[in-house]
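Quick notes on the structure that follows.
Naming follows writing order (A, B, C, D, E and F), and every chain is counted from residue 1.
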Amino acid sequence: MTARYGHSSVALQARQLRCERDDRVLFDGLDVQVHNGDLLQLAGPNGAGKTTLLRLLAGLNRDYSGDLLWHGQDLYADFPAYAAQRLYQGHLAAIKKALTPLENLRWLVSSWSVPDDALWTALDEVELGGYEETPCQQLSAGQQRRVALARLCIAPAPLWILDEPFTALDKAGVQWLEGKLQQQVEAGGAVVITSHHALENIGNLQRLELGSHKV
Amino acid sequence: MTARYGHSSVALQARQLRCERDDRVLFDGLDVQVHNGDLLQLAGPNGAGKTTLLRLLAGLNRDYSGDLLWHGQDLYADFPAYAAQRLYQGHLAAIKKALTPLENLRWLVSSWSVPDDALWTALDEVELGGYEETPCQQLSAGQQRRVALARLCIAPAPLWILDEPFTALDKAGVQWLEGKLQQQVEAGGAVVITSHHALENIGNLQRLELGSHKV
Amino acid sequence: MWQWLKQLYHRLGSPKWFYDITGRWIPWLAGLSAVGTVVGLIWGLAYAPADYLQGNSFRIIYIHVPAALLAQSAYMMMAVAGAVYLIWKMKMAAWVAKVIAPVGASFCLIALLTGAIWGKPTWGTWWVWDARLTSMLLLLFLYFGVIALQKAMDSEESGFKAAAILALVGLVNIPIIKYSVEWWNTLHQPATLKLTEKPSMHPDMLIPLLIMIVTTYLFFALLVILRTRNEILWHERKRSWVKEILER
Amino acid sequence: MHFDSFTAFLAMGNHGLYVWLSYGLTALIVIWNLLLPGLQRRRLLKQQAQRLRREKKHAPTA
Amino acid sequence: MSLVTATIKRDLLLAARNAGEWLNPLMFFLMVAALFPLAVDPDPKFLSKIAGGVIWVAALLATLLSLDALYKADVEDGSLEQWLASGESLYAMALGKALVHWCISGLPLTLMAPVLGLMLNMPDEAYAALLLSLLIGTPVLSLLGAVGAALTAGVRSGGLLLSLLILPLYIPVLIFAASAVYHAGIGMDYNGQLGFLGALLALALCLTPFAASAALKLNLSR
Amino acid sequence: MSLVTATIKRDLLLAARNAGEWLNPLMFFLMVAALFPLAVDPDPKFLSKIAGGVIWVAALLATLLSLDALYKADVEDGSLEQWLASGESLYAMALGKALVHWCISGLPLTLMAPVLGLMLNMPDEAYAALLLSLLIGTPVLSLLGAVGAALTAGVRSGGLLLSLLILPLYIPVLIFAASAVYHAGIGMDYNGQLGFLGALLALALCLTPFAASAALKLNLSR
């Protein structure tokens, strides 16, 4: 696979990151580095702070101390530039049930200019061919997630930040997504992911174990 | 342990049960028998129809064909009599967050006449001693489930029907609940349960595997 | 008689039977309502004499009154169909009830619009808070509630059930609403505002009106049948006999 | 025939506006009601035919 | 103690813990009634004429808005399931819930209404009629509204929908009640109107719990 | 295409798919306006005097109730998160949402209002004022209401709460608008009132999106 993204196009870094929630320190003095070709998996028990860290890295939450850097510069110095390079997918898929997969996908990728043809191809790739114009109401939970994941096929973002992307996917879907992550990494992009799923056959995998704790 | 309930006080039977949902047959020609001392675990993949069957057995849903019998008589022939003998706990715990565990528990067991002392003891048994009068808002998800499960200590129902009762419980909680089920069975009661959890050290365990299917 | 009713019930409950039989009725219904409309309207618009008080504006009666009557009976039919569904779980009844709602509401709207337009030359105003007008407006609201509730529910089946319950509650309320509005109206109404109430109508006025009333009911049946057939096709889409229709 | 001429018919003795307005609005509503089931039916048939074709295409692999 | 009485007690307790439940409708009642002098005409004579009607419209709208939450929480947290599982009469349950709703919305509204009467310069003779009509009429609003609340309990943003369903059904109550207050204000007899309100109440007490319990069962097939 | 315009398009599409979204407020508007003749007095002379005020109160309440759903779905399904993640201006987003809300509630209300004017026997001279005041005033209602909707988007049954937050803020709009219609009806000049409404609109356009975007961020720390 050739490098889709230029060399060193990803460089996300967290330095001495500290975050507390409800007077409980989730992590402190945390150092994270993500370069192109990296796949970083955040692991740990429920409530360890995986989602919290992911949202900090994505720039959705500013309740932290320490530094978050994008190419050596503070994340919020030019946030739109960072946002355009980074694709974020949270727990919630932002799918409107009354709209069709095509319409939903069009909205999801509207930050990038993507031609309509590409949308059709992407939906085909996530096995929604034939459902392009069925309201999402009529799709199963897994199919709805697939609509959101179809973004991965078309959005030209070198950095993906995904929270539990394997949720609601069946075996074939999981395999497809693993392949997709592999491709992204090989193309010179990077992925940060939280998942309880064991990612094995992906090169350059790093795991960051967040502390367990007592409720 | 002595038999808390008289001999053959439980006799729930399903004959040739058939249920379909959205034109898909979930089960057909199903025969189930629950006598005292039995623990029946319903198993199967997501969407197999475990919850559906449980709700049929509990008398919460009348969309079936076939027979449901309680002591040889139709379940709905004298439903209140059946309901008084059967404790049902669904996915949802029916806990009001603004009320204290004590108040919630009092409501939960109001069908049986239970003295207030017993409520305190029961809450103590589920390790909520000291939280009796804290609004449930301030309790964790697991603690809230425990309030609902405290019923098991006091409600004099020979038949328990529980949907995923291990949800949100930590290890100690799981152990306690297993003990509780064991006690109930030994005391001559019966339990029907859905759970993905493996119930091993309980005598007289039966498993009913509901079919897998394609979505 | 009982046997016959039972048989009819079973047949009515069968979508395929309904689909087939109404397929044969459609041309008749369409033809009869077309003829009825043409005859009734030409007679009423061109040949009937003018009203001695209202002049020619009274010719609105040929659509106003049939629509008003139909809007009221359609609500009853909808509620009854809903009750049949709730009691006997007959799916056809649910579909018919669903389909009647928008059609009935359309006729209700026609009655309101034509009445309002008629009011302008007659009373000099588009609208007065007269008992009949007010209760017609409330009927429109009742229709709208049923339609909106049915659309809002997540699963279609609970939509049918909810709409049926609401329609029944509305049915019990219609006489109460009518009575209260009439009582309220007699309390406030200055005697000058009255609809034309003449002891007898000229036959040349009356006969076209009767024709139009009958025609409107036939037309209503046609509309309901057309829509119900679509419902049948949709709900029975997985059945073999529908597949045959689809593959044709 | 009540009217002397066609223009008189159209004028309806000064009430033409009201009569024809109400008949016109009624016609609109009636036509809408007549067309809708047909359109619905056509869309439905198309959709279902598409679905059948899709299912046939996928049938051998399943 | 049966589940019905336990539920009534629990709901009253909840209202006591969460004052917003009964205060919010009350505030809304006040605000809506206060809109009219601002929107129409603050002339006291004029206001005195419309006072009864405006107070009743405001009461009706406040009741309507407070109904949205009546069954929603119970459906979502599983209480409804427990009622059904208990085998106790759902009719009694629906009646009990409507009663509680009246206690925490209709009753406070009734007690608050005289204050609004003062603000809107209602004639002195009308106060008794206002109180009586509210006392008999608001339970009807709660009972009818409970049917709508049960029907829309599963709909996500059902507030507006509920209003659409229920408003036409409220008209008879509004007509008789407002007319009672108006007639009292001009020194006329209003027993007839109150009698009708009473009849409506009796009818609603008998019939609406049936409809509400049927509607509640709908929400269980989720 | 930026996310803001994409969202505006998507919301309009949603409203087109789900007609209830814009029809329900419209019906509610009609119903509330119809309550007054029934509750107060159907005498045309009397009605003609209160018509403007009643229409405005009804429009205000209909807007209020339709606001409840404005941000709720977006918060619940994760769209809000995507906006924030996109790095685009949340100010523009809040402005866009308020605009869409106006298109599917304020605009239809404005277009429907003359019908209510007819039904309430509004003086002929007042129609222009009614339309103009609604045209300038309802966007203010949407803009102010969007702030409340953003604040209460995370609250489960926030409908009544929203009303309490927003009603007081609506008072100035109501006063100027109703007064414009009333003055037009008695043949007086109403430019001053429209001017004030215009000023309110300008102010709301500039300021409320800030407040709304700040409130939206609150909803994300869940």
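By definition in this document, a contact is a pair of C-beta atoms (placed from the backbone, for glycine too) under 8 Å apart; a residue touches a chain by one contact, two chains touch by 3 or more.
Going by UniProt, the chains are A, B = Cytochrome c biogenesis heme-transporting ATPase CcmA; C = Heme exporter protein C; D = Heme exporter protein D; E, F = Heme exporter protein B.
Note that the structure is a prediction, hence the values are computed from the model and not measured.
Looking at chain A and chain F, not one chain touches each of them. The chains touching chain E as well as chain F are C. The greatest centre-to-centre distance from chain C, using averaged C-alpha positions, is reached by A. Here C-E and C-F were compared by C-beta pairs in contact; the pair with more is C-E.
The greatest centre-to-centre distance from chain D, using averaged C-alpha positions, is reached by B.
Chain D and chain F have CA centres that are 34 Å apart. Between chain A and chain D the centroid-to-centroid distance comes to 49 Å (mean Cα coordinates, whole Å). Rounded to whole angstrom, the centroid-to-centroid distance between chain B and chain E, based on C-alpha atoms, equals 38 Å.
Counting partner chains per residue, chain D has no residue touching two or more of them.
Shared interface positions of chain B, i.e. residues touching 2 or more other chains, are not present.
Residue positions 73, 161, 164, 167-168, 171, 175, 221 of chain E are each in touch with at least two other chains. Listed in rising order, the residues of chain F touching chain E in the complex are 20, 24-25, 27-28, 31-32, 35-36, 38-41, 49-50, 52-54, 56-57, 60-61, 65-66, 68-69, 72-73, 156-157, 159-161, 163-164, 167-168, 171, 174-175, 178, 182. Chain C contributes residues 86, 138, 141-142, 144-145, 148-149, 152-155, 157-158, 161-162, 165-166, 168-170, 172-173, 176-177, 179-181, 183-184, 187 to its touches with chain E in the complex. Residues 1-3, 5-7, 9-10, 13-14, 17-18, 73, 76-79, 81-82, 84-88, 220-221 of chain F touch chain A in their complex. Across the complex, chain C is touched by residues 144, 147-148, 151-152, 154-155, 158, 161, 164-169, 171-172, 175-176, 179, 196, 200, 203, 207-208, 211, 214-215, 218-219, 221-222 of chain E. Interface residues of chain C facing chain D in the complex, by the touch rule stated above, are 45-50, 55-57, 59-60, 63-64, 67, 103, 106, 109-110, 113-114, 117-118, 120-121, 219, 223, 226-227, 229-230, 233-234, 237, 242-243, 246-247.
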